[in-house]
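The structure is given below, and queries will be raised subsequently.
A, B, C and D label the chains in the order they appear, each numbered from 1.
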């Protein structure tokens, strides 16, 4: 039995049923969910099994697919997040304008992604890549936002640039090695200059998909204007395709030795190219965080947060050491979990209230307790506070950077993660805590499917917090699998304790200590015999003696970190988005000028032709 | 709603008394401010119409709690003006001294409030402790610490006690030496300067139009002082300067007050030096039968916070017909505050409030 | 349970209780010193203990919701978790510091702060929320120099292990990190001003601006636990700084002395300075301390 | 006032009053005062709290918000507008809580006995544990008043907060008599806890 064919069959069936039953909601959704879960179960079943099954698939030596643990890792992420997103969409997309086509294009995107993850040649990789881009572009158009065209188009155009950059580099490779297969790549036939160009063009293609600064300009618009359950998938799984591509191209096919050939820095034990990647990641992490802190729209904040988090992953890739790659893979999982959960929470809130700005919300904790718990766990993970899963990434990443002696970069990355704490707090404060608005008194809890979809990742995060070693056992496997020079300074994992030459951390002991201390504190807290805790009303707060009403705006939420904004105002003016906007304006002006040449008047064309002929003649005759 | 409504007061540590500023805040920026008063309204002007001239003295000083003597002085001078009562020379000197002492203690209180609002808590501990020495002298002179009932129509109640002069001069020396510490701790403090310079600016061209008076006005660079413009008591016989500083911000107001503090010390020294001997009061008729001829008058003086005026009308009976008190805090605390607060930062509200010397009881009377 | 881990547990409990008592003790000593500077007597040394007992003996405890009730417990949890990761000496006094390095300590410190922030949020008071926003902004400010200093230490010692860093400072005052690497020491000391929330940087709970800030809605038992955790947190922070920059300690008494002396420094700075405006607080840390920190780090690396 | 019933302490409250020695001692020696200068008396509080008289040596300190405060000092007269805020602040404070009427105005209206805007007798509206008379009372008088309150707490006689709970309707009625727009201004009718 061929595993790949089976998976393709199951997913194609799901895709077809989404087209066939596009009018019948229950049938369509159930068949999609069934196909995704069967495929997911299938992948998980054969996750580490490579014997007794046929796991490669090729067609005329042109398309080549392979079923291996590394791809499976990403496929599980794609299918899992996809499943959750579709589950959440059941209620979220209900009776929305674009509901019918949403699922078709969603499935198309998933199909493309699974295809590109399993592909082991450039051609099928590129086809999968384009299907994914196209599908996601079409999904964005299914949302109800008025300005979706503008942002979808921006996303599409920038993605196209990335795709062409990728295509170009593929042609260069084919020109030299005469094969599209990854395994056929041979770095010795390239010169140093060619390799450098290749690395740059390939990276641009993938960095655009991962929304790394300065290629992030599409991200905030596309993330915030798509149907939000799709954004959960977009940010949770799809943005990682850039990371996957970098993995597979840089360390899978091109290989470290080829990268080192382009220039090697003894001090940092890394090539200049990788060093650039690290700093791009650092800058992205920092500036993305800063933008997230200062945004007023929930969706935009999460979008910039995604940009920042992708920066961490790029750092790990740039480091190229075992520890760094482990950190990246770990973060791919944790980010997938918490971003999915958060976007679904936000989708639920927007679904129930119709509000998207922070200052229009507040005090929803009693209306949506499950969403609150999911958010709480997600933001603790996001901020990387022990004992939940997020801290493992942070620890691995910092130790990896310190190991490579990139101390400045470490400092700024750590600062960025502190910044994440700031916006994470705002996320929970302005949505769930504080005073509830009068019009939100009878907001119902999130729909059941969404509650399930937001709680499952939360459980995953708690589990990863206590047993990060289980995941790392696998990631170590992949890293060996994709043939990286195994560095001596690897992370040593014994049970739940992590040790490397610089530091150590024991997840399980720390986690259990926190739990034990929590239990003891709770007992101590409730020891007092006479203690009666009275629950008082929402408005019974200190307002300097004044009496307030429900109409009084008592939530502090707009311009929450106004201090930072005021302090950094001069610097914030210069953003890449503004730069691009200006360039596009200039471009329009240029086009305007060009339009003047093409007036449509035959006589003008005649004159131009004459002038051109004369100049050419003069040039050749002289 | 983008804005947050914050109630600064009446029960708030940042407010200078029992009043309330209702703020509409957007982030850290204030969009709108509205002063609410009425928490301290006792109806003085109505109460005084029911009391005889002398009976009004005990309540008149309670109009402005931090600086009661200006009210006594104003009221006494208005009564004297209406009734044509003469004041002996020595009484005038003593009255001036009391006024300057009141100014000193008021500035000490202000220094504490101003720096306390910025979180420099050592300063109020020092200045209010030192202010108590002034209150001791008040107590020695008048018998009361806060409310003195010392100034009387036709003079003052008691003569200076024996040895008062030396003790007063010692105190002046002490305060002068303490001022050096205050300067180091507060006026030349880098962070104080950083917060005070450029905050709460009152434009010079608007200051007079807005009715700003006192040190706040002199802080914008306009020289206006009742003591020099229309001298009362014995201010024309004394040598002193009235400082002005350009800028109109908190810091220039602080410098004006610092300079005036030193001037008051010098004035008290001059008074102690030159005070003539003589009687201290002219007898008034039986207060219960003391009828003051029909008429009206307006008296004013320069209090530590600005021009303080009393308009009084008598109808020939033993009781006042109408009195209207014009205090500086009314302008500063209500209309001026509502004009200069929008656009400033939330953290500066209390600082600006303190620098204007807003005194709620005087606003509401 | 083996006798070894038994002893360790007992020592840990003793250190936790000791940190409460010592935290209160230096707090009240600081209040006495403050009072002396301000020309007055000050409260008796037992005052913080009296305050806490009184807060516990309050009759009503009011809460606005589940997070406000849970917040103080989580805060206590976070602080104790921090405390047990910091070494206070040798042997059993290293407590459980073998379960986490400097980075772990840095991150687990924020646990308690998050819990506090959540509790404040649930109370729904705008002053509380503004206080938290200010506190977080200040944290974002001072973390930059602090991280630079800590990274420099890691770079210099080739280890993020606090015990190793202490061991490397062995042998006299000149070997202490604060003196051997002056730039790093200065950066850490400047960042510490922000950590201790004394005067120039006490924006979060500035009475004249935001009433009592984050603790606005907390009374009775909640307030008591907050006071307790604050006392513990002060000890934890200072012990960490002593460990990292001032040579650690061979026995607990010298550690206590060093903690107290280090505590005096932000106290005296606070006594003679008013507080910064919020923007200036933030910018202050990102200007000079950061610059010095970068220089220190550059020296440490090259 | 004839209609002021002496509070009868029922068993539940008597049980509460039986503090053990240590909590009683703590409550005595740690009085946090609500920073609310309601009237002109606030001017004498600053000397009392600063370097010359320094009440912190008696375990007294200010607290910015009512949640943490034990002691409400009514410094002088209360206008009706302030009374409303005082009631709110008092009800937000947490038991046990004490009230000190400061100055003659709280006892009988003092200087403003005939004013149309001030209340004349404070304990009709909130229970008062200790009065300090005088206008103004000197810092020494304030300190002695505080010392008296401490003794009262020690003797379990500072039971104003229990009185307020037990005679709540009576107090509310009185408050409503003077505050005409009591319900119209969103004042909560019930005592919150």
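Note that contacts are C-beta pairs under 8 Å (C-beta built on N, C-alpha and C of every residue); 3 or more make two chains touch, one makes a residue touch a chain.
All figures in this text were calculated on a predicted structure; none of them were measured in a lab.
Summarising the inter-chain layout, the chain whose CA centre lies farthest from the centre of chain C is B. Chain closest to the overall centre, judged by the mean of its C-alpha atoms against the mean of all protein C-alpha atoms: C. Centre to centre, using the average C-alpha position, chain A and chain D are separated by 59 Å. The geometric centre of chain B is 44 Å away from that of chain C, both derived from CA atoms. Averaging Cα coordinates per chain places chain C and chain D 37 Å apart. Computed centre separation for the pair chain B/chain D is 30 angstrom, with centres defined by C-alpha atoms.
Within chain D, residues 16, 35-36, 50-52, 64-67, 85, 89, 192-193 each touch two or more of the remaining chains. Residues of chain B found to touch two or more other chains are 4-5, 10-13, 28, 125-126, 129. Counting partners per residue, chain A has 530, 534, 536, 540, 542-546, 548, 554-557, 560, 563, 566 as the residues that reach two or more other chains. Chain-to-chain contact here is organised exhaustively, every possible pair of chains being in touch. Residue ranges of chain C in contact with chain D, taken from their complex: 31, 35, 38-44, 47, 50-51, 53-54, 56-62, 207, 211-212, 215-220, 223.
Note for the complex: chain B touches chain D at residues 10-13, 17-18, 38-43, 46-47, 50, 58-59, 62, 65-66, 109, 112, 124-126, 128-129, 131-132, 135, 145-147, 361. Per the touch definition, chain A reaches chain C in the complex via residues 363, 365-366, 376, 380, 383-386, 391, 394-395, 398-399, 402, 405, 407-408, 410-411, 414-415, 418-419, 421-422, 425, 428-429, 432-435, 497, 501-506, 509-510, 513-514, 517-518, 521-522, 525, 528, 530-536, 538, 540-544, 554-557, 560-561, 563-564, 566-567. Of all residues in chain D, those touching chain C in their complex are 16, 19, 22-23, 25-27, 29-30, 32, 35, 50-52, 54, 56-57, 59, 61, 63-65, 67-68, 70, 94-96, 192-193. Here chain B touches chain C in the complex through residues 4-6, 12-14, 28, 115-122, 125-126, 129, 185, 189, 191-192, 194-195, 345-351, going by the rule given at the top.
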